[in-house]
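Presented sequentially are two complexes of chain A, the first with chain B as partner and the second with chain C.
After this line comes the complex of A and B, so read on.
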């Protein structure tokens, strides 16, 4: 059973839809309530960043397997301005907007695997995975 | 498929190609006249042309209708949103039969007539598919509207003299949080309350944005001389907030709404005493 779906992130309402979809998949994958909440929150952060800083993007939500373990993977992509200094962006409290600057760094702590690729002028690709325990 | 049908089908494909301009023009006329709604003629013309091309392509690629179905689903969604009826939506698709029939009649060959029967069947299927997509789209609109209504119905309630509460339920997005918070601040002013309880028991997740709104509200309330207590932070939310790195500073948080009420009552000088016959007696302590 490999399911994957692409969800658009173009308006505020899309962020809510992404969150709801991720919640459903997280339940199906068998994540604990705490982990569901963590992965939903990470989805919320990354989707909103794509919307706010890149003017929109999309996320691919899929179920992944590692032996007998199941997990949920989300791949956020956008064609926005990119992140010039990734280390700085991942620092707690760093923001170029008027947020708390905890979205990226916090999301990294909320998931099991976190990969960020970004090319200034081209866009950003963030892949995160949460494994069921 | 029999040889006859194949030949018929080929003839229809030829006619669709040779008379594209005319058939499309006629189709547009039929589509426009089939509705009492205001239609954007240019937009509809583009849409029909796209459908037409996709239909011809699907005939070329041995009948793979998936692209075409995608376009039709889009058309249904648009029309459902714009308030067209299902009939008005389906008639657009069925209109292509009539539009092509004139050309088939003129051609008059047995192949064309036979092919037209096959063509009608294809269009009928697509028409039914359109109606189904329309129904699905309508359902989704209704569900969305119900959710929005729920979101609008967050009340600010008075718990006690000088104590108001907002029980937040459901997914909080930025817009909704802002509305709720503004309403709370306004209620504090209107009722001259000095205590507010923000209960998030019904909130499935708190992200940095929601947290920021909560923090800002607490600060704004303080500026107005009111103290806020946040209650109903469930374990999974607490975990997430801590992992994200959000700090609530010196803001009072309580596990339940009841705890928060007890706290604010105490803070506003009301003592709750359990009476002898296990009834609750309340008296205000003079400061």
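After this line comes the complex of A and C, so read on.
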């Protein structure tokens, strides 16, 4: 069974809705309480990033399989300014806004797989996956 | 936008976060609390996060900011009731909330405030 859904990230309240939806899927996939908390926190960071730095975007939340393992995958996409230096953007404490610079680097530590593609002037695509143990 | 209520008990302000916080509510709480600390002359602020399922970097920073503002307004802030999964996630995220005092529950938070109150500060200059 493949389930996937797209959620918009256009206003502040959408970040809360994304968190709630990701929590529900994380429970269904069988993630432990700690892993649920980690993946929901990563969802919150990445959704806020899309809103603050790109002016909005969307996330695709889906259940993925690897043999008998189930996982939760989130794909955040936006048409914002993009990230010129990805390595720098993944450094703790680096920020162009007034945040703490932990959104990207911290989210990467909270998930099992993390991929970031970005084209300056076109947008950013971030794919993260958390597998049930 | 939902606002978080602030309760007064003696000279302590108690905030129990029972909603899924959106960023605007977080900023409103910061302002409301600063005003109430001054208006009531409270010596302590307790923020109960027992019901909070996640603390991301924005909410974490809000807790640290509230603690710093209260300290400037002569009040101590204690965060109580953090869930174990939230603590694990915060540390992994890279946020250790260094400047924020914590206690396991409301009762211990009140005890900690009383203990701080009874310590006589000694000047170092």
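Note that the second predicted complex is superposed on the first by the 133 of 133 C-alpha atoms of A that agree within 3 Å, B and C clash if a C-alpha of one lies under 4 Å from a C-alpha of the other, contacts with A are read in each partner's own complex, and residues count from 1 in each chain.
FYI, a contact is a pair of C-beta atoms (placed from the backbone, for glycine too) under 8 Å apart; a residue touches a chain by one contact, two chains touch by 3 or more.
Since the model is a prediction, treat every value here as computed from it, not as a measurement.
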item	value
Contacts of A:110 with chain B and chain C, given as first, second, both or neither	both
First, second, both or neither for A:38, with chain B first and chain C second	both
Touched partner set for A:102, first chain B, second chain C, both or neither	both
Shared chain A surface residues [contacts with chain B and with chain C]	12-13, 15-16, 19-20, 23, 33-34, 36-38, 40-41, 44-45, 48, 92, 99-100, 102-103, 105-107, 109-110
Residue numbers on chain A that touch chain C, as the complex places them	12-13, 15-16, 19-20, 23, 33-34, 36-38, 40-41, 44-45, 48, 92, 99-100, 102-103, 105-107, 109-110
In the complex, chain A residues that touch chain B	12-13, 15-16, 19-20, 23, 33-34, 36-38, 40-41, 44-45, 48, 92, 99-100, 102-103, 105-107, 109-110
Complex contact set, residues of chain C against chain A	20-24, 53-58, 60-61, 83-86, 88-89, 92-95
Interfacial residue positions of chain B with respect to chain A in the complex	171, 173-175, 204-209, 211-212, 235-237, 239-240, 243-246
